[in-house]
Each structure stands twice: as structure tokens, then as C-alpha cells.
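Structures for review follow.
Each of the next two complexes has chain A plus one other chain: chain B in the first, chain C in the second.
== the complex of A and B ==
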């Protein structure tokens, strides 16, 4: 039982009961709305301070020539110059293309692998829980850890990956470099990203598969529908909204992908795997082109936001069908 | 009542704990005036500096704290710190290329008055290190750092392999000359080709290790060793920032082509993104016959039980058809302008500049730039690599040290890596694009860039 300790007002000099009751009345007098605002205010203040204010500040900086490595130069308003420079720069378009290729390839592969794994895991078999845990392990690792250990696995002379490939192809293990060759490096980052994130897609798909009521399959079996027919007519259509959700999440994440690729290839060889996020980091924190990189960040934000909005509208339409 | 008792005892404990913490904090605050934080890269010489610093603490009572960051994030971390006017570092051993930005942005304390007062003369230091690490603008008597760690690119080779009779005779039979440390890049390439894929002690070995790293400065710090010797220069010596026809001259393009040939013919597989550490690993594991790397690592390599001692030899960066230079490395030590302990930091620099301290610095693994140390008659015999170091310091050239150096460096990283490792375009195209990039950077900086000589 909780005992509430009440101070004995009579024993506190200078404090009398009417004061306490006035205060209580004041608290009592707060409307629900005011109390709600009191609770929400700290969160809003925090959001404004660490999210909204930097965003507004960044928008302001994107119209300036600010370069932090030359902060002694006068800060000039340059209008839309940064945006024009970015949109007319061939290198930026090339990075965007590289990023788009990475996003499309890796998300497509993750959906196929993730969905396949979900179909397997959805069945009951011996060691089911064990294999589920094993499959989920990669996505629990930090991208920095994944980047580092895949760098070792892919090392042409000592890495086991090349030895594994040489078993199947007969090519000497040190005759190719997964992260160092122009033809292989883009696929390497797709492969590692898929290894890490296909389990995440699997989880989402699994939720979709488990949401399909059993009676639909039972009805299909009564109608003598084959397993293939059941897959095409029941399983796939009913998991499409979940798949689309997985695509949305993974596409947004991969558009921002930085850490793992930076550790695996540093954007190389040359600029072959230089995703737009790596370019942005280089412009902002290595070249210190603050104005330019703010403009690039805004362009990327608008791109992702716009694409995500269109996608969500499509997703809603699919759900309504 | 029990509750109140618990409350009282908790409050009492909290008060005692707060008081104790306060006392501790107060003690720390009292000691704070006598503690300096020195920022540098995490590498072998940094460990030597920690050892050396103990003498300073003994003499002055000032505790030394160190903030060492791996080379791959050294520039990012500390330039961010300086840019944001952070107070982490009182003293910083900053890279030579930072000096322009550090001076213009007033990140470092100007040391002229201090040098005059303490009778520290820059004439007592190796000229290349004074220009490279201390002066901004270059070749003017404006000092922002004391040369702290002299360094340049040099080469190590497997002396034991080079001296084997069967290898010597095979080499002579193939090239008609004795196998010896190369004097020119053509000789180096021949030797590298000779060793490439050769089996030594039952193990396949490779010709040479060269820098190819993409992310920070690696490939630039490697390729410039060849470019300088093929006629590349940063700008027209008579017309500042005039780069057209100089950066991208036909000779410079040949130099770049040579670096790519060397990379293709004679390096170990997978060395597509390799810098200092990968070179050390390759050499220590007995994988390569010759290794390009910074002199700073040579004391450690000489002590290595597997490849050091009699097994290792050193040579100066080979000459090319148009000259004989090598890439300057190394750093100067500066007082950070935002430090709250500037006087103590200056006391450290005064102590560090003493000849006896500089002598010890060299003996324990650092590289002194003080003439009294390096010009001493016994210096060449003081370490196996001392003569090569001395010769190298006389032929060094450095990358741009402009405030915009980071942009210039990243542009060169991109263009060179695109050509050498990713096989994109020709060497001439790579250098033409580099001129275009650099011109844009200088124009943004407000410099006048002439397009013709």
C-alpha cells in the first residue's frame, strides 16, 4: 500500500493552508489542452532544436558560398548558383545513376531472396527457430562491422570468397578482385547489402504470409487448385502490399547508403561505386563546401521525399484493391 | 516513518556523494591548468612522442594527454575540430598541407613573436621543413608551426633477396646488369617485373608495393613521386596558379602512364585501395620485393624480427627522365588558437625545440628537422636509413598547401584513381580534367588563374 506523505503546514513557519489550496486550484484550473501541451512541449522543443532549426539553417546555407575551409572569405548570397552547379554537373548525374543502379539492383535482389526465405521459414520444420535466428543475424550487425569483415572475406589473396568462387569457376583466387575491379565492384556492394538486408525483407514478407487466413487456402484446396495456382492467386497478391512496404523501406535506406560502401570500396575503383551519399559526405566534410553540399542535400531530400510520396500513393491504391 | 528515514539517508548520501564529486571536480579543475592535450595521428612516431613527453612532464610538472587518430580519419577529425573552434587540442601536429588554411582561418597561433622572444631560429631547421611545415604564405618569414616530424617518401627492399647469388645471376642474365637498388624509375620497373610472380622460398612474391588508396590522400601521395620526376609541376613558377600545360604537360602524362604501368605489371593482386598499412603488411609478410612508404615507418620495419635487420635495405625515391624529387610528408607542431593553455603549449614548443630533446626524438623513433641533429657528422651512421632520409629531405616537393587543399587533393584522388585503377580514359585526359577541376577551385577561392603561359 502506498502511503502519501502530506507535509504538516501548521508546523512550517510562514506557510499557511490557504496558499496551498490556491496553488492546488491553479493546477486544477489547467485545461486538458494545456496539460497536453505541457507534455508535448519538451518533445516539440527538442524537435525544433535538433531537426527543424538545422533544416532551416541548411536551406539558408544552400544559397550561400560558405566553405568552412575558407571561412575567412566573406559570406555571399549566391542565389540558385549552387543548385545550378549541381544540376549541370555531369559527375553528380553519374553519381545519381550509380545510386539508382545500386538501389534498383539491391532492392530487387533483396525482395526475391527475402520473399523466398519467408516462404521457406513460413513452413514448420525441424530446427525452424534455429535457422530463423541464423538468417536474421546479418541484419543485427552494424554496417561498419559488415563492411570490415566482408573486406577481409573478399581479399583476393587470403579471403575465402575468392577461393569459393575459384572452386566453381577454376579461375585462380588471386586473379580477380571483387572490390577492386570496375566490372565486379558494383555487384559486390549489391551482394553484401543483400546479404545484410534480405532478412529484413524476409521479416516483412513473413508478416504478410502469416496474415493470410487459412480458410482461403482450404477453399482453394477444395477447388483442387495446385500449389503453383495457390501461390499466384492467393499468396502473391495478398503479400504484395507487404512487399511494396519492404521495397519502400529498403529503397529509402539504400538511397542514403554510406557506411558499408565507404568501408568496402571507398567509392572506388576510381568513382565506380561512388554513391551520391559518399559524394555528399566528401563535399560537406572533406572539401568543406558547406553551401554546395547543403544544396545537394536539399536536392536529395526532395528527390527521396517526392519518390516516396508517389510510391505511398500507389501503395494505398494497391491496398484498396 | 521508515520511508522518511530512507529518504533522509538517501538525501544525505546524495549530498555526501555530490560533495565528493565536487571535490574531485575541483581537484581536476585545479590540475587542468597544468595539463596539455596534444593531437596527432596514431602511428609509430606518436608512441615515440609519448615517451619523449614524459621528460617534459618531469621538467615542467605539466601532464601531457594525447589524442591520436588513425590516418584514414586524421584530417576529417582534426580539421572538423579546428573548423568548429573546438577546444580538444592545445597543441596539434597538423599535416603540412593544412598550413595555408590554418593560417588564413587563424586556427593556429602565429609564432613569430614567440620565436623571437625565445631565440628559436628557423635557420636552425632543414629549409624544406620550414617552408613545408611552418610558413604561410610560403617562402615568407611568417611562421605558424615548429617543424616537428620530418618525413618523405622512401623505399624499402628485401636486401636478403637482392643478395642471393641465384637471383643475382638470373637478373644479370636477363638485364645485363647487377641487381642493386634502383637509381631510376626504369630500373625500378625492371626489378619489379623481375620479381613479379617469382617463387622465393616456396612462396610466390610480387615486384613492388605502391600507394593506390582512394579515400583520403594515398594515390596522390604515391603518384606524385613519379610525376615530379617526369616533369610535372603544380603551377608555373613564374606565374602563380597558371596550370595549363604544366600540370597536364605531355611529360606529366607520361609519368602518370608510367605509374599505371607499374601498378598493372608489378603489384600484388587486390592492391586497389592500399596505403601505408597495407604496404607495411605486404612487406612484413614477405610478399613484395620493394615497398614505397614514408620514412616514419622505417625504424619499426628495421626492428621487425622477420624482415628487419640484415634483410631490409632502403633507397631514395628513384629519379625520372626530368628530375629527381620525392614527396614531402611530415608535420609541424602548432598551438591551437582556441586553446585555454596557450602559455603551457608554447612552453612545450620551447622545450621541444631544444637540441638535446631533438636528438633524443631522433634516437627513439621520431624524425628531427633540426640541422644540429641531421647535419651532425655521425648522423648518417646513426640508423640504417639515415643517409637515404638525409638525401630525400634535400629533394622534397609538397602538394598544394592552399586553404582549399582538401578540394584540390580530392580532385586529384578522383582523377588519378579513375585512370590508374579504374582504367577510365587516358593519362592526358585525366590531367586535363584535373586542370579543369583545380581551375574551378582556385576561381572559387578568388584567385586569378591564367590559362596560358
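== the complex of A and C ==
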């Protein structure tokens, strides 16, 4: 019989007794936990500095009468006055309605266009990858870039968009301005936003369509279900959770929409396309009503945060599916 | 069955995450509709309180057991 002898360090001269791994970590270096904290600490510090601190500062300012154009005046605590002013102000109420109209129109159009594109892209055809890339291009652009080049495209004198419309309608190209007319400007921002974000809805819908197992369609074929019947009984019901996800995400994003609309119309003509985010910018950086605008920002933040909670809940439901 | 077990049973039955989350989400959704509806400024005035109650409620009830 072979006996394996364990070396006894304590009995060998010059070799110290092995210490436990925990003790080794403590004695010879930093613990795993400390190292983990060291790696995470810069990120947490950055997050606190650029996200949490301004948020807390803004909450504090929302209870004050701070006006940066008169910053020599003493800062006075006004309690909930700013919130009361906003929640009884008809102008802000109208701006929120304009925002809601923009959100509903653009999201509805994006869902229809995005779902249609997803149905097309879901079929295998020649040049499939090429067309998918082309369709996804607008989504990859910065809203500032999109705003600038659509401003050029929509120029009444030199923009090709007006010429294209004149081909179909016969109206002279310079006789109408897509961003300058009250009747057209709201539809212009909806059009540009749809052009940019319908591909994103398409991607989400495509994920939904690809998650439907083939055997369901095969069973429907066996039962001689028509393509129309298959769409209404299989495709649409099984894609609805993904559509819900797209609707919620786009609604939250469009509620906060600022950059693209600011570049395209700056809220004009008049205040036709003045979304609440543009109203907020005007209150903060044109009228310099810092306390008031902080309170408005908090109202918008809580609204978006609440909607985001619903979004995350829906996302988890889709994941469990 | 001891009284403490009965009390725990009551707590477990009442403080389940699912229904409370639904209530909180309804409050948030209702608040957002109140915020952007074009009919009544009174509804608009109470919208923020409703959204805030729903959001804070959601954060609290999401810690309830399933």
C-alpha cells in the first residue's frame, strides 16, 4: 500500500506554515472586494459628479426664486410656489399638449412604418443585407446632423424636398415652407422623426418576428390558413409585446425630444412646434428663470422616470416570454 | 396555528408585488394622461401629484415579495 505523506511545513525548518487564503489576501495585498471597489470607484465618482449631484442641486433650486439674470438678489426659499405656478400655467399645459400630439403622431407612424419594414426585411431576398443596412442608416446619425441636413432639404428655394412635392402637386417649390407654415411645421417634425426612428422600431419588430417558431406557420399551412389569417392570428399577436416595447421606448424618447426639433423649427412658427423641452430651455436660458425651470425639469424627470418604470416592467415581461 | 403565523399570512396575502405594481403603474399612466389631456386644467394641476405617488409607490412595492 502506498501512503501519500502530506508535507508538514511546520516541521520543516525554514518553511513557514501556509496561511489561509483569506489571511493571505489581508497580509500580502488587497482583498478581492477592495480591488473590485477600486475599479468601480472612478465610475461611481463620475456618476455622482455629473448625474446625481446636478440632480440634487436642481431639486434644491426648484424650491428657490433664483433668476440668473438677477443673481445679485438674495436667494429666497419659495417652497412649492414654482410647482404651483407651472401646474396652473396654461402655456405650459398647451406645450405639454403639443408634445403629446407630437409623441402620438410620430410613434403611431413609426410603428406602422417600422412594422411594415420588418415584415419586408423578414423575407429572404436578393440584396437583403444591403437594404437592411441602408434602412438602418438614419438611426445611426446624430439628431444634430439630421436636423441640419433636413433643414437644407426643406429649404423652399434650394431644397430638393419642395421640388419633389411640386412634381406631384404642381405647386411652385418656393410657394410653401415645410418648417415655416403653421399647418405644415408639426407634420414636418413628425416626418423627420419617423424617417430617423422607424428603423429602430423595425429592428425591435424584426426580433419579435424572428422569435416566432416556424412550426406554428407550418401547422397553419396544414390547416389551410390564408396568409391574411396567419398574419392576424399568429404574426400580430406574437409580435405585440415587442411592439409595446417599441411604443414605450419611442414615447419616452419623443417626450424628451429637443435637439432635432430645436434645429428644424426652434419651436416655430410662433409656438406651433414648441415642445415642453424647448419651453424649458427658453425658461432656463432665455428668461433665466432658474428656479422655475428647475421645477419644470423635475416634473418632466418624474414623468419620464415613471414611464421608464413601466417600460422596464414590460421589458421583463417580454424577456420572460 | 399561532397568532403571529396568522398575522404573517395576512401580511403575505396583502403585500404581494403583482397587484400593487399594477396599481402603481395605473397611477403613473393615469397621471401622464392627466398631464397632457386638453380638457380640464384641474386634472392637469393634480397630474404631477398623481405621477409622483405612482412612481414612489412603484419603487416601494417593487421590494414586496412575489
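Criterion: the second predicted complex is superposed on the first by the 261 of 321 C-alpha atoms of A that agree within 3 Å, B and C clash if a C-alpha of one lies under 4 Å from a C-alpha of the other, contacts with A are read in each partner's own complex, and residues count from 1 in each chain.
Methods note: a residue touches a chain if its C-beta (ideal position, glycine included) is under 8 Å from a C-beta of that chain, and two chains touch if they have at least 3 such contacts.
Keep in mind that what you see is a predicted model, and the values were worked out from it rather than measured.
Within the superposed three-chain model, A:93 lies in touch with chain C and out of touch with chain B [touch as defined at top].
In the superposition on chain A, contact is made by A:313 with chain C only, not with chain B.
In the superposed pair of complexes, A:305 makes contact with chain C only, with no contact to chain B.
In the superposition on chain A, A:83 makes contact with chain C only, not with chain B. Within the superposed three-chain model, A:72 lies in touch with chain B and out of touch with chain C [touch as defined at top].
When the two structures are aligned on the shared chain, A:180 is found in touch with chain B, with no touch to chain C.
Interface residues of chain A, counted against chain C in their complex, comprise 83, 87-88, 90, 93, 96-97, 99-100, 299, 302-303, 305-307, 309-310, 313. In the complex of the two chains, the chain C residues touching chain A come out as 21, 24-25, 28-29, 31-32, 35-38, 41, 44-45, 47-48, 51-52, 54-55, 58-59.
Chain A contributes residues 3, 5, 65, 67-73, 155-157, 174-175, 177, 179-182, 262, 265-272, 282, 285-289 to its touches with chain B in the complex. Of all the residues in chain B, the ones that touch chain A in their complex are 3-4, 75-76, 79-80, 83, 101, 104-106, 213-215, 268-273, 403-407, 410, 414, 417-419, 421-424, 444-446.
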